[in-house]
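Paired with subunit B in one complex and with subunit C in the other, subunit A is shared by the two complexes that follow.
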Partner chain A sequence: MKPNIEHVKKLVYETDDLFVKMIDWPFEEGIICYFTTLVDGGELNKQLALLKRQAEAKTQNWAISAASSSYPYTDDKLQNLLSLGETAIIFPNANIIVAINLKKEQARTTDEPENEHVITGSHEGFIENKDTNIALIRKRLLRADFVVKNLYTGNKNSDIVTYAYIATVADPQLVKMIDNKLSAISSDEFFTPGQLIEYMEEHTWSPFPQLLVTERPDRVASNLLEGRIVLLMDNSPTAILGPVTLFSFFQTPDDFNSRTLVGSFYRLLRIFSLITAIFLPAFYVSVVSFHSEILPIEISKQVKLAINEIPYRPFLEAFILEIFIELIREASMRLPTPIGQTIAIVGGLVVGDAIVSAGLVSNLMVIVVAMTAISSFVIPSAEMNMTIRILRFPFMLGAALFGFFGMVIGLLLLFIHLLNLRSMGRPYFSPVIPFDFTRFKDIFVRLPFLRFLRNGKKKGVRE
Partner chain B sequence: MKFSLTPIQFFLIIFLLQTGSVFITFQTRLLEGAGRNAWVVFIMTGILHYLLLLFYERQHSRFLPGPFVLLLYKMYWIYINVLSLSNILYSLAIWLYPNTPSIVLLLFIVFVSFYANCCKPDTIINLPVIIIPAILIFFFSLVFVFPDLEWTWLFPLDLKDVELVLNGFLISQVTVVGAASFLFLRKRVVSDVKMIGWPIAIYASFWFLFFFMSLIVVQLFFPLETIAIVPQALLYLLKSQKVNFVERLDLFFLFIWMMWSMITVILFAFLIRLVHAETNSGKQYKFNLLIHMVFLLVPPFFATRDRLEMLREPLVYLHLTIVVVLPIFVFIKNRRKTI
Partner chain C sequence: MRIQKGIIIVILTLFLSGCWDETQYKDLTIVPLIGIEGEEGDITAMFAFPTFQNGQIEYSSSQGKGISTRAARSDANLQTMEALDMAHLEVILMSADLAKTDFAPSLDMFFRTPRNRITSYMAIVEGDMATYFNPPGKMKSEVSYFYPELLRTVVLYSYGANFTLQDAMKTMFDPAIDLALPYLQINEETGIPKVVGSALFSKQRYTGITLSSSESISSVIMANKINKYARITFEWEAKQTQITVNVMRVKKNWKIGTDTISASYDLDISVEEYAPHNLHEKKKREEVTAFLETSFKEHFDAVIKKSQEAESDILGFGRKVRAFHSGLWNQGDWQKTYADLPIEVEVNVRMKLTNIAE
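The block that comes next holds the complex of A and B.
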């Protein structure tokens, strides 16, 4: 059956934002259709005029221009083009569709991401437009081997996922693996980067993020230069990077924009903060509940004085405060910024002081929990930050049950789990395990950039 | 099971298998058995250990044991794991948890081992890396003791007393218990690596330094007459040390040792599974569950001083049979076949 206006309307279930009309064309009458909510009408008129002139001049491939292309007509193709925001001109006798891509773009400016501030360096950030995001990366990587690939995913082929890499640096097997994984996605409801991450990750139930999420084009560019691959989706400012290691989450662009010694110091501080954020409350609970003899006598006296009048066991004390801190954090995040700050002050200072005065928790516990919270906030990745905050609860439970023994059991389980993890098929705990000294020292020290350049030249990684 | 080892992974695994189950207990027993000769006896053991490794390296390609011999190895390693777990339970009961039922503590230890053994071999073979900082801490902790050592207690020696020397030599063999794993893991090492020469010499020297230093420190710290009443001399030794930042150094060390021992238990369980897989291609999961049930149910029975001693008694003889006699038997048998 030849397509007609009624047929086109039926294909999109007679939605009201469909524009569909017959259009005069030099060789036959066509049907023009598009969603008015997605297409820029003014630009479309200009493009139509251009195509019409080409058709009148009987130019070969008149339908092909910078913004248009042609396909054989099928109902599925028409549905697909319309839903992607393209304009379709159907020529029933020739049985072709000319598609014009003139989407109405409403994008915000490329401001610095709220959750990834840097002191020095670029203040640009990704926005909800994929093409703009790719342009932001490309302007940092002015090289011919930066490759961008688009893939239609899902059963209806209506969702586009883009992956990009540097062809001379990225491992071809890794690229193939990612292509295969993306092609295998069969979901029809595919909206968020979170969903995409779950499809790409090998260990969905792990608390550890196995792909790095960022909204910073400079971070993406530097990771691409290290052989990683970036995944982008339309309508999301989030870029997904992989493969990564646990230690990738503790680096920021600031490390490379500050002095070598300063960068190294803060890198070490972040690793230290990882240890305190996970183990400090558990260590305190262990010492107070089981191993108070470990402390020097002077400190031991202070601890005993502080906890003597507290009615709850140390674990419960720590648990109450940790949950309280989480509540403040969650409340301050969900509320508008000025109110959020007020909540943080009221929660942290007023209620915190009142809890201690009421004798529900000890001063020492407040210090421990506050130090833990601050340590966790030092971690630059929001996802890793959340993971670390959740991890301290099982450690606290282990410490409350068996003291240091519970912590050792927890630590072993954590190590085994980390050794099991893979990010896009690569070991997550690298370069510690498998051990690689050249990369191992980079965990702790930010070496001078000139040295990287020299190494890069030797290995042929950088141009 | 498909996996390959780098030489560092290979030696690290063997090091843990050799040290994990005995390194805080052997000093007392050796000093009891050999008296002041202990350090000289251990030098002899060190030389023999090096020769044993060289012998294994030269002959390992002929080590093709049959199902019965493999069964013997499995039984031997199950025995060692039961001994290690009993020792951990006993130490925990003495030092930290006198009122906690040992089965509760054991449940957690065995669960960790079971979980690790459910993972890919790559995970387990990389696990010993965690202990590298602990080895450094161990050496560092011993340095604290140096000012308190009585160096004149190295002498006088009594090497004419052959019975004393032989007795000490037999006891010191417990430090070589995990050496048989060399034969099973050697073929997994990446093929182009040559072990004879520096690799084995460095490993044997490190192994020797580790045990020798701990022995010397204990020998020079405790009078010989009192050593019999100090079963875990290293822990007592660290307990007596005063440092500014912490009152009880021994407690930290106890947990390092516990982690060390637990990784050793995991590695022995892995070896048992590895050997089992050579003759049984069936479901490894059930076998893994079975051996861990044994590790859960048997050790609590032996977690008292007397029973632990009873369990430990045949270790040296079993060790000599399994680590020295049995491989020689297998080598000769396969040599005849090839001739």
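The block that comes next holds the complex of A and C.
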């Protein structure tokens, strides 16, 4: 059966935004069809004129141009092309489709991502268009070995996942593994990057994110140069990077743009904030419930004064306040910005003060919880930030039950878990175990770019 | 299966490890000051502690009697609102009468509980313990705050050294060295407790002999245990003036012979107070140095004399004797030997700073 207008309409269930008309062509009549919502009509006319000229010249590959190509006709192919936003010209006698790719772009500008601000450095960010995103990366990696691969995943083969790497740097086995894993995905659901991450991760139940998510092209480019692989999806500004280690989540591009000493200081500060964010409430709970002897006497009087008339156990006290802080955070994130700020102020200042004067929670506990919250917000990655905040609850429970001993048991379990974690098959806790001194010191400090310095010394030149 | 086993092991570890020793801080009373008096078998212990009511710190004290310190503490517990907790103990005061008896067992309690501090200061007080907890004079601060600060000052200005509970016990049970603890009296004029010197111990008992405060500093200098400051003032009668010096550095050299000891000291001093000035002149400096040497020697001799009188080797000559001169050590009881040993003191003073540009 030869395709006609009625047949094409049926194929897309007679949707009203389908444009389908007969079109005159040098050798036969064709059927032109496209979704008006996805295609730019003006541009299409120019392209059609070009193709017509090529067809009149009767060259072998008249259908091929920068934006068009031809396929043998099948119903499936037609459906597929239309849904991807291409314009199809069907020639029933020749039994071919000429597809013209002239998508109307609905994209915002490449602004700096809201949640990954830097002070100095590039202020570009990914947008919801994959091609633009790849262009942003390629712009930074002007080299032939930067490879981009597209994969159609899922049962309907319509969701494109793109992975990219630098061929001379990335481990070929790793690339193969990623390819296999992506090809194996079978899902009918529409993909979000979050879903993709779950398919790629090996430990779904771990609280730790095993892949780094970023919206910054400069971050992606520098990670690619270190041999990592990036996964991109259309319609999402999120790039997924792997394999990563725990400590990748504590670095920002600012580290490398600021001065060595300053960068090192803030890197140390972030590691310190990791420790306080996880352990401070637990430490406080175990001190006031078990080990009060470690307090210096001057502080101990103040501590005693603060907690003497609190009706609840320290654990409950801490729990109330932690939940409260989490509520404020969640509320201010879900609400529009101006209201969100109001909520933060009302929650933080007014209720915080009232809760102390009501005698429900001691003012020391407010300090501890506030300090913990601030510390957790220092961590640059949003996912790691959440993880750290969830982690403190089991530690608080351990501290409330067994004091420092409970904390140590918790720490032991945490380390066992971290040592077992893998990110795309690579050890997650890497510079620590397996130990590598050169990378280990990078966790704490950012040393000057040594190679550069050494070269300068050899020549005896200092610029 | 392996995971289940692991979880069971972890839970069992937690429950079997016996770490159920939760002591809520709000249910404890922290005791920074304890006073012990009485005699072995009939101990009275006094406790001073802050109480916390309506958001304010007030101070209170409690007394307990018992056959031991622990029993006295338990007795006091029955009269105090919250349980008494010794983990923050800063000062142990002991009455001179108890110190004269065999008092070591009454301190045993402090070493039994790992929570307890053993770096709290020890001091000997004269007379009734109750007057030290409620001094007749008008105190500007609470006793539980007063004594720790007072004794910290004693350490800082070198009026005494090594009188934390741990050091004191270690020194007391060492046969080659004897203990000296700060000695407190109620000041007659102000009615406030005052450190008047050091109480000298011989073996495990207080001898009843005390060093004056200037002698205490001298003894600390002689033992080379000075802290940040070691200031000592001399009256220069010939010139009708006073001179205060701070000893910055001590180099001691003890030569122990078969039946005599010669102790020579090199002191680096700075001048802290000297009205006649003109120390930039070499002649003047030599004159002052010579005066200081004789004055220091007088003070040092007085310390040696008193300590021999008390049969109390507070400087620790015995340690060197025990290590290198077994003949002398084996003559018998070291404290007795020490009391009769001729000890020659020699002092060299080097004026390092005059502290003024002239």
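The definition used in the following text is that the second predicted complex is superposed on the first by the 450 of 463 C-alpha atoms of A that agree within 3 Å, B and C clash if a C-alpha of one lies under 4 Å from a C-alpha of the other, contacts with A are read in each partner's own complex, and residues count from 1 in each chain.
Convention: a contact is a pair of C-beta atoms (placed from the backbone, for glycine too) under 8 Å apart; a residue touches a chain by one contact, two chains touch by 3 or more.
What you see is a predicted model; the values in this text were computed from it and never measured.
> Following the superposition defined at the top, how do subunit B and subunit C come out on subunit A, clash or fit?
In the superposition, subunit B runs into subunit C.
> On the A-aligned overlay, A:N420 touches which partner chain: subunit B = first, subunit C = second, or both, or neither?
First partner only, subunit B.
> Have a look at where A:R313 lands relative to subunit B and subunit C in the superposition and call it first, second, both or neither.
In the superposition, A:R313 touches subunit C alone.
> Quick one: is A:L391 in contact with subunit B, with subunit C, with both, or with neither? Answer first, second, both or neither.
Neither partner.
> When the two structures are overlaid on chain A, which partner does A:F402 contact: first (subunit B), second (subunit C), both, or neither?
both
> Is A:P434 in contact with subunit B, with subunit C, with both, or with neither (first, second, both, neither)?
After superposition on chain A, A:P434 lies in contact with subunit B alone.
> With both complexes overlaid on chain A, does A:V118 touch subunit B (first), subunit C (second), both or neither?
A:V118 sits against neither subunit B nor subunit C.
> Contact-wise, after the overlay, does A:K304 reach subunit B, subunit C, both or neither (first, second, both, neither)?
After superposing on A, A:K304 lies in contact with subunit C but is clear of subunit B.
> Of the partners subunit B and subunit C, which touch A:S289 in the superposed model: first, second, both, neither?
After superposition on chain A, A:S289 lies in contact with subunit C alone.
> Do subunit B and subunit C land on any of the same subunit A residues, and which?
In subunit A, positions 290, 293, 295, 297, 300, 402-403, 405-406, 409, 413 sit in both the subunit B and subunit C interfaces.
> In their complex, what parts of subunit A are in touch with subunit C?
287-290, 292-293, 295, 297, 300-301, 303-305, 307-310, 313-314, 401-403, 405-406, 409, 413
> Where on subunit B does subunit A make contact in their complex?
Touch list, subunit B to subunit A: 8, 92, 96-97, 100, 105, 108-109, 112, 115-116, 119-120, 122-123, 126-127, 129-130, 244-248, 251-252, 255, 258-259, 262-263.
> Which subunit C residues qualify as touching subunit A in the complex?
For subunit C paired with subunit A, touching residues are 10, 13-14, 17, 19, 21-26, 28, 30, 32, 50, 52, 55-57, 85, 87-88, 90, 115-117, 148.
> Write out the stretch or stretches of subunit A touching subunit B in their complex.
290-291, 293-297, 300, 402-409, 411-413, 415-416, 419-420, 432-435
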